[in-house]
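Shared between the two complexes below is chain A, which pairs with chain B and chain C, respectively.
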Partner chain A sequence: MSSIIGFYSLVLSSSLSFLIIFFSIKNFRNSKTLDKRIISLSFLQFFLVLISFLGLIISFINSDFSNETVFNHSHTTKPLFYKISGTWGNHEGSLLLWLLVLTLFIFLFIIKSRQQSTQYRILTLLFQQVIIIGFFVFLLKTSSPFNYIFPVPEEGLGLNPILQDPALAIHPPILYLGYVGSSIIFSSALSAVSLNYITKEWASHIKQWVLLSWIFLTLGILLGSIWAYYELGWGGFWFWDPVENVSLMPWLALTTLIHCILVLEKRLILTSWVVVLSISTFTLSMCGTFLVRSGILNSVHTFANDPERGLFILIFLFTLIFLSLFIFFFFHKKNNKIDNSIFLFSKETSIIINNWFMMYFLSVILIGTVYPIFLDVISSQKISVGPPFYNKLIIPFLIPFLFAMTIGPKLKWIKSDIKDKIYLFLFFLISLFISILIVKNLKINFLLNTILITFSFYLFFITLRDFFIRKNKNLSQIIAHFGFSLFILSILFNNIFTTEIITNLKVGESFVSEKINIKFENLSQTQKQNYKSFIGKFTIENDKGNLEIMEPELRIYNQPNITTSEADIKTNLLSDRFITMNIVQSQDYFNIRYQIKPFMIWIWLSVLLITTGGFLRLTKKI
Partner chain B sequence: MKYKIVPFIVTFLFIVSFIFFFKGLKNSNIYIPSNDFEKEIPFFTTRLFNSNIKINSDEIFKNNKYYLMNIWSSWCAPCRDEHQYLMELSKEKNLEIIGLNYKDNTLNAKKFLNELKNPYSNIILDPDGLIAIEWGAYGVPESFLIYDKSIIKKIIGPLNENLVFEINGLIK
Partner chain C sequence: MYGRKVKLRFIFILLIFTTLALSIYLILKSLEENVIYFQSPSEIKDVAELERKKIRIGGMVKKDSLSMNINEINFIITDFKNEINVIYSGAVPNLFEEGKGVVAEGFLKDRNFFLASKILAKHDENYMPPEVKAALEEK
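On to the complex of A and B.
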């Protein structure tokens, strides 16, 4: 029943798009005030998609297996929480969620943009409706979440156990808020270009949307990363997997956009940057959707390999790209009246430097992600691009990037000189000294690591000083940059100081080395609602004689029949201890992986700090 | 002039990438290892396990002999099971066993060999699993019987008594 309501509500909602477009075009010709009907219709469209989405959730809660999506992705023994999160844990449901957020955001945009010109608001709505229609067609034609199956199956196929995790239950909605927010920026930039409406006022109005999408995108990526760390049991938090890369690319574009918007708001320069970045953020999000949904890449996010779907998104993606190229090249005029001059020592210069570095990082990731697909087409060679590629190309360039990040905010707009800046030099010497002390005794590449750590510390100290000295002046920037320095430092120390032990143990055996003593005490077995659990008990004694009990778990799920390994992770402010246990087939041996990962929690905390910076800026009334 | 050419170049680049993606969609992304027999062995270069000296496949399989290339790893439990059969086969004079140490940690691998003895006349390294992919291997353990640089038999999974008997028959 709920599926039927959901389906018809969706169809009705899609037809509203044409009504909205009709009224908008009518309104666009004689535009003094915005037609009230457009606002009501936009709300109605959102409301109908909401009903449809709730209908799908109810089908999942009731385990209504006459619905194909529910049958494929749910099971009666699944806990209620995961039945609900299963709604968007699959291709069809997640697209419905996309659509829900799309319609919600355009409604919010319309009611929040009262100060802007009516023509601009209507044109943005029209561009947004093009995207919404694209998604409606995609959903109804190739991936309807409300397909009926007869005869009705007794039991569903179940949700992939590795997706049954609290972090992953909220990861997709948060990430979509970010992606869809970028669609508003896209439509708004296109309409502003067409109407020659790029002004300082426009910049401060769209800045709110940029910040909002950026916050959600950052949090979404963070949640995905936390999930990978806790659930996949490899002990890493970022694998340069194509699927991770496609979420990082829009993030880089969006971060660059934030900085450019700030310049535009102050000086009305860098307009081309802003427009191109607004367009590319959303097209990169769509490109990511294409890459993971079409099955052209293989990953957890590839819900189904259906070439028809891939073809649809591909055509849709390139329609949007060519549309925006057309608008950009034909309508975008550089305003020559305005003073374009940029001095060497100014905030503008450092932001442009920042932009170019960001674009470099973006291209490296883009090439690493897309090149294997291109190579496969040209020569049918299969290659896989892994962490070494990204590490080698990205890490050295972090050094000047960090430096620009430290010095840039110190400079003034338009032109500044270097006076009273002796402390900058002093702090640099302190950072250099500390990092030499740290790196000296380690068997790692001395030069690169020293310089990298020096510049990270440099940013760290300078932002820390600013935090205490200039009270509340651009606090958001200071916190975000401080967060970034903390982020780089935690990753560096995490990489340098991680120790790992891999061994095979039987119950009762121990692994003994100079520094550590791992004893496999016992193995207990329990039956849970939808899986069987084996918990191993290990006592770990370090060289200081501290004892710690760790209990990694193996879960054998009944539906689908998959074994997952749940790491046991003990966290404190200084380090994480991470242990996983895996079955070694047909023997009583278990493969044990024990890792000590310093400063792990600071990686998450620093990303939260960076987000806080963005959040402060969003709430600040200007 | 410069301004007019940019749109064309950009548009052209996007058209090219559209074509690539379109073609890429039709390629299957599911990797199916090739299953051909009597096939020439792939050429590769790698390093020796003991001495870390560079070596290529022509040098490894140069003799007029039967070779058994066994893909193994210290973390692979079935490899422990099949080890006794490898030890048995290593007594054959007409057969040389080459070990391909797959995605392994050298220390663990050495420990493994010290514990169970070394049946291999040569061990080569495949730290990232690329050589195994070229050979069309599905996993570990897997063994290939080779003569005159072509694969005569491919054994997926651990060796057992019947397979040892069969190999003995083939190399006589």
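On to the complex of A and C.
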């Protein structure tokens, strides 16, 4: 029943798009004020999609297996929480969620943009409706979440156990808020270009949306990363997996955009660049969707490979790209009255320099992600591009990047010079000293690491000083940049100081080495709602004689019949101890992986700090 | 001869092109060095000269070939035409089983032995690395 309501509500809602477009075009011609009907229709559209979404959730809760989506991704023994989160843990449901956020955001946009010109609001709405229609067609034609199966199956196929996790339950909605927010930026930039509406006021208005989607995208990526850390059992937080890369690309574009918008807001220069970035952010988000949903990249996000879906997204993507390029080249007018001189020592120069670096990082990731696909198509040669590629091309360039981040905010707009800044030099010496002390005794590349750690510390100290002195009132920037320095430092130390032991043990056996002894004490078994749980008890003794008990878990799920290993992680401020155990079929041995990962928690905390910076800027009334 | 503005613009354009050329060169060169090729056991048997670089081998874990001790795991990867022995010391993913698809990354010792440094995880039971799927479809 709820499926049927959901389906018709969705169809009805899609037809509203045409009504909205009709009224919008009528309103656009004589545009004194915004037609009230458009607002109510937009709300109605959101409301209907919401009903449809709730209908799907109810079908999942009731385990209504006459619905194909529910049958494919749910099971009666699944806990209620995962029945609900399973709604968007599949291709069809997640697209419905995407649509829900799209309709919500366009409604919010209309309400929040009262101060802008009516024409601009209507045109943005129109562009947004084009995207919404695209998604409606995609959803209804290729991936309807309300397909009916008859005869009704007794039991569902179940949700992939590694998706049955709290972090992954909220990861998609949060990530989508980020992705979909970028669609508003896309539509708004296009309509601003068409109407020649790019002003300082437009910049501060759209900045809110940029910040909003940036915050959600950052949090979404963070959640995915934390999940991968404890669930996949590798003990890392970033694998340069294509699926991760496709989320990082729009993030980089969006981060660049935030900085450019500031320049635009202040000086009304870089207009074309801002438009290009707005377009590419959304295009990259769509590209990501295309790559992971078409089955070209295989991953946990590939729910079902259907070439038709991939083709549809590809056509849709190209339509959007051509539309935006057309508008950009034919409507974009350069305003020559504005003083567009740029001096070497100025805030905008340092922002532009960092923009170029970010674009460089983006192209590295883009090439690394797309090249294997490209090669497979033209020569059917199978390759993969691993972390060394990214490390080699990105890490050295972090050095000038960090430097510009440190010095840039110290400079003034338009033109400034550096004088009376002895402390800048002093802090640099301190950072250099500290990093030499750290790197000196380690068996790693001395020069690169020293310089890298020096510049990270440099940013760290300078932002810390700014935070306490508060002469510069830009608190959000200080916190975000401080967070970034902390982020780089934690990653560096985490990489340098991680120790890892991998061994195979039987129950009762011990692994003995100079530094660490691991004893496999026993194995206990319990039956849970939809899985069997095996918990191993390990005693770990370090070289100081401290004992610690760790209990990693193995879960054998009933439907689908999959084994997952749950890491046991002990966290404190200095380091994480991480242990996973794995069963190897028909063997008495268990595969044990034990890691000590310093400053792990600071990687997560620093990303939260960076987000806090964005959040402060968003709430600041200007 | 030329105005200051023209000169500046010229330098600017030159700068952009050199950076572009340089970064493209860097990216391509590093791609060449860090790319990992995927091969099936049959392909390894066929090549004239053994790769010294890191490669990936994919296929099925042969039935009853798995054995392990405290330090290492030994098994055979087969594509049902040829097979190769794998010696691995490291963590195995959850879905590593006899008779299931597997991708191992590492170095060839010789034509029959492969020293793996990593075994790749799969995310669900229906999932098969695209490489394995292709290799199996060929047979």
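What we mean here is this: the second predicted complex is superposed on the first by the 620 of 622 C-alpha atoms of A that agree within 3 Å, B and C clash if a C-alpha of one lies under 4 Å from a C-alpha of the other, contacts with A are read in each partner's own complex, and residues count from 1 in each chain.
Throughout what follows, a residue touches a chain if its C-beta (ideal position, glycine included) is under 8 Å from a C-beta of that chain, and two chains touch if they have at least 3 such contacts.
All figures in this text were calculated on a predicted structure; none of them were measured in a lab.
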Given the superposition on chain A, are chain B and chain C in a clash or a fit?
clash
With the two structures laid over each other on chain A, which partner does A:230 touch: chain B (first), chain C (second), both, or neither?
neither
Quick check on the superposed pair: does A:307 touch chain B, chain C, both, or neither? Answer first, second, both or neither.
first
In the superposed arrangement, does A:385 touch chain B (first), chain C (second), both or neither?
second
In the superposed arrangement, does A:331 touch chain B (first), chain C (second), both or neither?
neither
Answer with first, second, both or neither: which of chain B and chain C does A:197 touch in the superposed model?
neither
Name the contact category of A:318: first (chain B only), second (chain C only), both, or neither.
first
Determine, under the contact definition given at the top, whether A:505 touches first (chain B), second (chain C), both, or neither.
second
Between chain B and chain C, more extensive residue contact with chain A
C
In the superposed arrangement, which partner chain does A:364 touch: chain B (first), chain C (second), both, or neither?
second
Quick check on the superposed pair: does A:374 touch chain B, chain C, both, or neither? Answer first, second, both or neither.
first
Identify which of the listed stretches of chain C (2-10, 20-28, 38-46 or 92-100) has C-alpha atoms clashing with chain B after the superposition.
38-46
Touching chain B and also chain C: which chain A residues?
298, 382, 502-504, 584-587, 589, 591
In the complex with chain A, residue positions of chain B that touch it
6-7, 10-11, 14, 17-18, 20-27, 29-31, 75, 77-78, 80-81, 105, 108, 133
The answer for chain A against chain B in the complex is residues 290, 294-298, 305, 307, 310-311, 314, 318, 321-322, 325, 329, 370, 373-374, 376-377, 380, 382, 502-504, 584-587, 589, 591
In the complex formed with chain A, which residues of chain C make contact?
19, 23, 26-27, 30-31, 34-38, 56, 66-73, 89-98, 121, 123-125, 127, 129-131, 134
Would you pull the chain A residues touching chain C in the complex into a rising list?
160, 162, 232-234, 298-300, 302, 356, 360, 363-364, 367-368, 371-372, 381-386, 388-389, 392-393, 502-505, 509, 511, 560-565, 580, 582, 584-587, 589, 591, 593
